[in-house]
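After this come two complexes, each holding chain A, first together with chain B and then together with chain C.
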Partner chain A sequence: MADLRIDLAGIKSPNPFWLASAPPTNSGYQVQRAFEAGWGGAVWKTLGEPILNVSSRFAAVSYNGQRVAGFNNIELITDRPLEVNLQEILETKKRFPNHAIIASLMVEPKQEKWHEIVKKVEAVGVDGLELNFGCPHGMAERGMGAASGQVPELVEKQTYWAKEVARTPVIVKLTPNITDITVTAEAAVRGGADAVSMINTINSLAGVDLDSWNTVPHVGGKGAHGGYSGAAVKPIALNMVAECARNPFVNVPISGIGGISNWRDAAEFMLMGATGVQVCTAAMHHGFSIVEDMIDGLNNYLDEKGIASVMDIVGQSVQRYSNWGDLDLNYKIVAEINNEVCINCNKCHIACEDTAHQCIDLYTESGRPMLKVREQDCVGCNLCAIVCPVEGAISMVERMSTIAPMTWNERQSIISSFAR
Partner chain B sequence: MTSQLEQNFMEMTSKMTKNEAQEEANRCLYCYDAPCITACPTSIPIPSFIKKIASSNMLGSAKTIMEANPIGASCARVCPTEELCEGACVLNSSTKPIKIGHLQRYATDWAMESDVELFKKGQPNGQKVAIVGAGPAGLSAARELSRFGYSVTIFEGEAKAGGLGNYGIVSFRLPNDVVDWEVAQVVKLGVDIKTNTTVGVDISAEEILAQYDSVILAVGMGAVPNLGIKGEELAGVHDAIEFVKHTKMGALTEDLVGKRVAVIGAGNTAIDGATCAVRLGAEQVDILYRRTEKEMTAYQFEYEFAKQDGVGFKWLTAPQQIIGDDAGKVVGLECVKMKLGEAGADGRQRPEVIKGSEFVIEVDAVIKAIGQTRFVSLIESFGLQHTNGVVDIDETTMQTSNDKVFACGDVVFGNGQGEAMVVTAAQQGKDAAYIIHERLRKPSEIA
Partner chain C sequence: MSDHLLSKDEMKKVDDYLDRGFKVHYVYENLSGMFVEFNRQEEEVCLQILTADARKYFAAKLQEQTLLQEGMSI
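Then we have the complex of A and B:
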């Protein structure tokens, strides 16, 4: 049994799986159910001035029959009185002293507002704070959430204000609705953040109803953009985590968020630099019990790899993430088709023929349809292996290069040295 | 009781729900150069119609099917899909094949329920075509010809069009309303179907040959031949084709409730006769075959189906005579045991009588299912050459010995020529139509 405990900037939890600040952490009842199910921590639904919500709030995107491939919401921060939330946090912390409870906060960008709320939530015994600079809808129109999270100066200043009075670790939650997330991550660190978390949701419109021509969802015939989450956003989130993890100026722990649906996703985020992960959409799709396999699967993975503590995998893949200019131009892989395993759906052939490099030949050998890669024309793009529905039918294999490795950057510097 | 019998003859397989259909449709790999298309005698672009179900383009899906196969709703139910499209599905090699037949039914059921117009009649081209027989082949030819602008008349001896679909295929596999819908699609294109019109009785072959530019002979096959044994005239001896036909037309009778039935033969028609007898309430139904399980011509799935229905099989058993009582009713069947001897001219081992092995089984009814006879006199009335009642054709042009007469469907099946599947008949009907049209478009080249 591997040690699944994590310590994220001083916040300790029995495992790396936290519920993100969202509908699942709206109340003490829910958070306590989650802890009973096995979740290691919960970031409470964002506290602030109580707001009003609309009816019809969520929408999801199905892809080829797979429900909730992506999820869109226009729900705002908590609509319950602050005192009620604080009382429930107190009770929950009392029942689950070893679980992490983090208060998500969002107030107007004013020093006194931040001081006031930080003091109030720390008084009930939270383990940490998460400043919500990411919520992309509704609150942003009032200058909060993503609106302040998109301005590096505001991120830095508000973090600083929170840190002025905070006694528990401060995590800054960043919005992905920005060209370069490392800019705001650096600003948070300059403001004194103990950790950053990412990503919040991505601006989105889930769809348009083809019969009524209304947006999906719509509120009485009108729609507004929401925030996108779920499995579809995972690659976007993973890149942002990785970009921050390899940035020397973002030298604080990262809490990874975005499309994490199982232990495999969680392990990937941790290898790419996240100290722990936060989950929302997967829990909304399946309920709190999904954490059981997250814990079990991660534990079995670590045991199988002979790794004693989950903290030991944090960031192990970061140094493998680089710039395109640092990639070896002479590295070569090619596709190899195993006709014994191949079921002859010919998807690789048509994908290559129509949309890639025309190097997979269809032919017949003693009456049997066969496929073969013309290696000299294969660029190693992986498309055939990606569309292949059968495990083991197409392998991408390395071919020894006759020339020494050379990156684009090395090449350019050699060329410019000649020019000199 | 009657309502129970009616229940027995209701379509067995239920329609896919929207969820099932979408899930299954999404499982289709959308192969390139898909083997399921090649395996379909009518070459339905199967991956296309399936993807259209997945994208909720139901009109497009139904049209894709019906375009390639004018009786696509029937074929969705009666095709031996394990032997055709589903048997060719590449997923047989990895997981499990796509339920193509069920999806085809889902799409065509949508078309039936939606009452949409799938196809339009072509601009009249002044040419007249007569089709003899309104079964799968005749209807398919008519549908295509009408779309090309031909004036088409079908002569059908039965009271309803549909042929085998309406008279020969058991109701629990193919309900009549499906066939009626397919017929209606053809009628909507302006095809004139003259039912209750037997060629040779109500109109002569000569008149047809004189009045039409081209003629398509699609009359199928006839009744089951005689066994050539004593007692065939007894009450309780049935022709399997007629027997099934009775269950399709009008009220079901209770004559067989609790009775013992012997079916002679082991082809698909024998299975139909046997399973109909079970569903009519017979206590015991046995199929008697003079060869063994290995040589039986019924499809494997039909065989399995019959066994599930409780039909018994007596292999290497041949009937010697049917025994009747004083009232002329069947009471027994004398049989003899057989053994397989040397291979005959067709390569199959010939069954030989085991002398002295005669035995009698008590039965109340005997159903004959040993093949079908040919409409020889009709074929000859058109002056067409034939071999043992199978019309001789040039397989590439479907032309008979009279170059304005084409033949397709079961009337050309036999003697090693063609396949006796509904879907094959449909394709041959299409082919005949295309050839007639091609000939019109390029008269000089053909002449």
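Then we have the complex of A and C:
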């Protein structure tokens, strides 16, 4: 059994799986049930001046039969008074002293507002704070959430204000609705953040009903943009985590969020620099019990790799993530088709012929249709392997290059010395 | 001519010039590809390289020439 305990900027939890600040962490009842199910921590649904919500609130994007490939919500922060939440946090912490409870906070960008809420929330014994600078809808129209999180100066200032009075670690939750998330991550660090978390949800409109022409979701015939989450956003989130992890100025731990649905996703985020992960949409889709498979899966993975502690995988893949200009132009892979496994659906041929490099030939051998890659014309784009429906029918294999490794940056440097 | 054959042809031309003692003295790139001016004493020739593979190959050759001129082993 590997040691799954993590320490994120001083916040300790029995495993790296936290519920993200969202509907699943709205109340003590829910968070306590989550802890019973096995979650290591919970970021309490954002506290602030209690809001008013609308109905309806959620919509999902299903794709080719996969339910909830993406999830859209227009729900705001907590609609319950602060004292009610604090009482439930107190009770929950008492019942689960070894689990991490982090309070997500959102107030107007004013020093006294941050001081007030930080003091009140810390008084009930939370393990840390998460400043919500990411919520893209509703609150942003009032100058909070993503509206704050898109302005580096406001991120820095508000982090500073929170840190002025905070006694527990402060995590700054960042919005992905910005060109370069490292800019706001750096601002958070300058403000004194002990950690950053990312990503909050992405601006989205789930769809338009083709019969009624209403937005999905709609509130009595009107819609507003929401926040997109779920499996569809994972690659976006993973890149943002990686970009921050390899940025020397973002030298604080990262809590990874965004489409994490199973232990594999969690391990990927941790390899790419996250010390722990937060989950919401997958729990909303399948319930709290998904954490059991997450714990078992991660445990087995670490055991199979002979790794004693999950903390030992944090950041191990960061050095492998680089700029395009530092990739070897002469590294070569090509597609190889196993005709014994191939079912001759020809999807690879069609994809290559129509949209790639026209290097998969159809031919017949002893009356049997076959496919073959012309290696000299294959650029190793992977498209055929991606569209192939049969495991093992197409492999991408390395070919020794006859020319020495050279990156684009090295090439430009050499060529520039021969320019006039 | 296929891209592959064209690139092989362009690589061969690069090799031919270098084998005949030409040295690269000027390289520029524009929308039409890469242009390489080779010279050997008073003789000067310009080679246009169109294909991506040959442009990669040429860069490797240029690196070899540079390293040789710097007296480094390759």
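Here are a few things to note about the model shown:
By our rule, the second predicted complex is superposed on the first by the 418 of 420 C-alpha atoms of A that agree within 3 Å, B and C clash if a C-alpha of one lies under 4 Å from a C-alpha of the other, contacts with A are read in each partner's own complex, and residues count from 1 in each chain.
By definition in this document, contacts are C-beta pairs under 8 Å (C-beta built on N, C-alpha and C of every residue); 3 or more make two chains touch, one makes a residue touch a chain.
The structure presented is a predicted model; accordingly, all values stated were derived computationally and were not measured.
By the touch criterion stated above, A:377 is placed in contact with chain C alone, chain B being left untouched. In the superposition on chain A, A:37 makes contact with neither chain B nor chain C.
The partner that reaches more residues of chain A, of the two candidates chain B and chain C, is C. Looking at the shared chain after the overlay, A:64 reaches chain B, while chain C stays out of its contact range. Of the two partner chains placed by the overlay, neither chain B nor chain C lies in contact with A:90. In the superposed model, A:236 lies in contact with neither chain B nor chain C.
With both structures placed on the common chain, the touch criterion links A:417 to chain C but leaves chain B unconnected. Residue contacts after overlaying the shared chain place A:403 against chain C, while chain B stays out of touching range. Across the superposed pair, chain B and chain C touch chain A at no common residue. Those residues of chain C lying in contact with chain A across their complex are 2-4, 24-29, 56-57, 59-60, 62-63, 66, 74. Looking at the complex, you find that chain A touches chain B at residues 64-65, 343-347, 349-350, 362, 389-390. Chain contact summary for the complex, chain A toward chain C: residues 329-330, 374, 376-377, 403-404, 406, 410-411, 414-415, 417-420. The touching residues of chain B, counted against chain A in their complex, run 22-23, 25-26, 29-35, 54, 90-91, 93-94.
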